[in-house]
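Below are two complexes that have subunit A in common, paired first with subunit B and then with subunit C.
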Partner chain A sequence: MQKEYIHIILADDDEDDRLFFTDAFSELKISTKVQTFNDGVELMEYLNQEDAVLPQVLFLDLNMPRKNGLEALHEIKANPKFDSMAIAIYSTSSSEEHIEETFVCGANIYIKKPSDFNTLKKVLSDVVTLNWQYHTSGLNKDNFLLRM
Partner chain B sequence: MDFIKIYRSPLFLKVIFVISIAIIFFIAGITLKHIHSLSNASNWVNHTYRTAIELEHLYADIKDIEVAKRDYLLTKDQTIRFAINIYKKDVQKSLEKVKALTQENKEQRKNTIILEELIQIKYQNVDKAFALVESRINDNYVVADELLSGKKAIFDIKMQVEKMVKLEEKLLDIRKANYEDNQNLTPIIIYLLLLFILGLLSLAYFKMNADLINIKKNNDELILANESSNLAEIVGNYGTWFLNLETNEYTLSDNEYRLLGYAPQAFTPSLEDFAKHVHPDDYSYVKEIADSMIHQEILAPFSYRVIKKDGTLRHFKAMGRVVENKSNERILIGTTSDITDAITASEELEVRNRILEANNKELQAFNYVASHDLQEPLRKIETFISRLIDKESESITETGQQYLSRIKASAGRMRILIDDLLQFSRTTRAENIFEETNLNEQLENSKAELTQFIEDTKATIVHEDLPSLNAIPFQIQQLFTNLIHNSLKYSKENSSPLIQIKVDKIIAEKESLLNFQTKDSYYKIVFEDNGIGFEQEYAQKIFDLFSRLHGKTEYAGTGIGLAICKKIVENHKGFIFAEGRPGSGATFTIFLPVG
Partner chain C sequence: MKAFLKFDFTVLTKKILEEKLSQWGLKYLITGFGEVEFLEDIPEDKLAEITAILNSYGIEIIENQKTALVQKIKDTIIEMVFSDSPPTVKASAYLADKLNHSYGYLSNLFSEVTYTSVENFMIIQKIEYAKQLIVNDKMSLTEIAYKLNYSSVAHLSTQFKNTTGITPSQFQRIIAKRREIANTK
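Let's look at the complex of A and B:
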């Protein structure tokens, strides 16, 4: 590893979820740098800066004002600059349509927001320590949705 | 057979007509000839008698001359010589006539010459008598000799005349015989020919009669066909029209008039008459088609609006085709149908479809609200509770902690309820796609889904080899999962659950549970467990939404699971039945159609 920490970005309009997210990482024994954005517009503004530091993993909520997660996902996948970034969909919904659509659009994993803080910690630690190269090469619709 | 073929042919009557005319001419010919020979024959008879009479005359005159000669010899009266000269002239006249009459026959001509010579001999005899008187020879021998020779000459003439008369009579007989031969044959020929014509005419009569009956029959059929087509037009709400492309004349069927709101044949049809009923907005379009249809073999279907006589607006659809009739005229046959009702119906359907679509969208929106918006606050409540329990439990009293665990349980129950409701609404969605599904695979998926529960309850699941059928895979999996889950949940505490799954292919009418009279085949899949069972009176009720047989505290559940099962089976046009044996188990029987 070149960097001593894992760079993570979360785009989520919900303040409570952002709080749970940062709390979970601060309680985990993994060295991470967590950045959060309130919606897709803020996120893309940051990512599109020339000198932006790209995260290893981007957590993307789907239901956001102004620019939702799916629109952001489309923009990111259209730009080869972001190819190295792993994208985890992080949503309350686990509807087939959302899973299907984001899978087709090229997201790497789909996480249904857990309703238990300890589960959340486990899920997030699993995801950030995941071997993305290995996961992506064997990616299919069945293992796209992270099961707990 | 050949004769029947000829008899049927339209040439038959013509041939009979020509033959009849020819025979009539022939009969007329022989009749004329017959009349002609009849008059010939009477001429001949006449001729024979005239010849005989002339010869008699001639002989009488010769005799007169002989008598006069004898008178002269006795009296020596000079006036007698004068009388003899007159007689001679008479003889000459008669002779001329006989000559003329016997001109045609060679033998009779010869006879006439002989007769003439004999007459000359007679005259010489007379001249000798004159010379005798003048020389005053009164020798009795000489006179006697002269008288004898005179007598002989007369006798010769008489014989010759008789011979000629006889010959003439003989000729008459020959001619008569000839004539009779001819005349006897002619009536028979005429009679036979007339019979033949009669036969031909009878044949022609029968043929014409048969044709007439045929025509009448065809005519009757045509009238029937016309009437039925008229009725069909009224029932089918369409009309027919013909355009003769040679004469440019239009013919409209009765119903075509009715479609426009007129009584049948109320006006003489023309393009202008029709055009004035076409909706002004459609006029140019219809005119363009009307102008081009004359050059086309097929008038492709097109729709337009018309305004009826009473002012109501109707939608018409027309199409047509060019056909050629027996007189080589090209005729455009077209139909017009009133499609107003169909258009109104389809418009209504469209409106209903839009409403349905809107409803569907609302339902989807509700789904989204349920899946996302309702879950979000609930999830947060749960997360905050878990945070409270983890981090703040020391600072909360025991009662407070009890309350917290109650809140947690309620929140958890609400989560299950929302999840189950979502699942139920998903099974009712229309866009589920049927595909060839191996039920064994879906059963394995269900078992994998329930691994933890199966391990916890130490359950055994045995199953026969399940078939493949056209189904919605994830729904079948859901069905199996719910049934197994149900059995595990309501298992007996003291014994480990056993679930047996059996399958059979059956015919509907032979299956007592189905009570159908059809021969459709179904797969009968039976899930049998050894759990707590239920009273048979609830066998129907357990499939109702939110229906529960037990208290919430005994068995957790929402009462949605079996309702989902029923919905899924109905989605697959199948049937599900439950049978309970309190204390010993339950049996769920599913019928899914084959193929």
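Let's look at the complex of A and C:
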């Protein structure tokens, strides 16, 4: 019998980052199912399928070839079908301008990629736990902004 | 010959539920994530029958007292935070009294089920309320700090920043810009 789990998607072109990310989740006590895509095009192809299972949280790297994170974010926000997903930007940039711009465009979470594994685990755990509260405790998602 | 199969349990479960529940003529809503809401009350004998049949598919109805109590804790906290005349006793005493369990028991149970603490949940709720007051009621931080029982504006700002990673004024600016964009569409 399958247990409850949280469905998560990451789009990132860096293989190491994808690996760290999935490893971090596999070590958390929260049960999750993590799917990864290599760039924005692959991601949107998946999401736009009619029967695509949408994740609770989508993590987007900003710098990706073919279609970058910001372009994907704009597409997602233009389509009401994706309203239930929380969007987390997962980037190496910590420029204030960038951060505010992505929030204004509709991102809920901004994570500066941590350089060590333990911090990454802590950050991802915090994000998923808080997101879970938005999911289950009737909080207003429009006001969901979190920077880590 | 041999065929290899791959399953998507979410789809599978949903299909089975849809098929069975419609077959029994029930009005229901699959709210996702292992949750079905029945729009009408179901008599007990019928519920037992349904439970038995779903069990044969490996689907179980959780009658989990713990989960139910955690929901009560949440509801009580939300009611406390959003109330116009919040209780004068300490939150821990209020919860214990209202739910008839020791605070130690409640707080352990809460952490076990939600992966977050009662204290933390309370802070999240207070900050949510603050956000709402900033956005919808255009209240000043001083007014909000007073209303939510913070000892000072600085205390509120710090807790806001610690919880969300951004300052109240950044929050206000981002939401204002989003609304501007939405209005020009």
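Operating definition for what follows: the second predicted complex is superposed on the first by the 127 of 148 C-alpha atoms of A that agree within 3 Å, B and C clash if a C-alpha of one lies under 4 Å from a C-alpha of the other, contacts with A are read in each partner's own complex, and residues count from 1 in each chain.
In this text, a contact is a pair of C-beta atoms (placed from the backbone, for glycine too) under 8 Å apart; a residue touches a chain by one contact, two chains touch by 3 or more.
If you're wondering where the values come from, they're calculated on a predicted model, not measured in any experiment.
K.L.:
One more residue to check, A:16. First (subunit B), second (subunit C), both or neither?
P.N.:
After superposition on chain A, A:16 lies in contact with subunit B alone.
K.L.:
Give the label of whichever partner, subunit B or subunit C, reaches more residues of subunit A.
P.N.:
Comparing subunit B with subunit C, the partner touching more subunit A residues is C.
K.L.:
Just subunit B (first), just subunit C (second), both, or neither: which does A:100 touch?
P.N.:
second
K.L.:
Considering only touches as defined above, state whether A:129 meets subunit B (first), subunit C (second), both or neither.
P.N.:
Only subunit C; A:129 stays clear of subunit B.
K.L.:
In the overlay, answer first, second, both or neither for which of subunit B and subunit C A:79 touches.
P.N.:
Touch status of A:79: no partner.
K.L.:
Classify the contacts of A:48 with the two partner chains as first (subunit B alone), second (subunit C alone), both, or neither.
P.N.:
neither
K.L.:
Which partner chains sit in contact with A:118 here, subunit B, subunit C, both or neither? Use first/second/both/neither.
P.N.:
First partner only.
K.L.:
Residues of subunit A touching subunit B in their complex?
P.N.:
Contact set of subunit A toward subunit B: 14, 16-17, 20, 63, 91-96, 113-118, 120.
K.L.:
In their shared complex, at which residues does subunit A touch subunit C?
P.N.:
Against subunit C, the touching part of subunit A is residues 1-2, 4, 29-30, 51, 53, 100, 103-104, 106, 110, 125, 129-130, 132-133, 135, 137-140, 142-143, 145-148.
K.L.:
Of all residues in subunit B, which touch subunit A in the complex?
P.N.:
Within the complex, subunit B touches subunit A at residues 367-368, 371-372, 375-376, 378-380, 382-383, 386-387, 390, 411, 415, 426.
K.L.:
Spell out the residues on subunit C that touch subunit A in their complex, using ranges where they run on.
P.N.:
Touch residues, subunit C against subunit A: 8-11, 13, 33-34, 58-60, 74, 78, 114-116, 121, 124-125, 128, 131-132, 135, 164-166, 170-171, 173-175, 177-178, 181.
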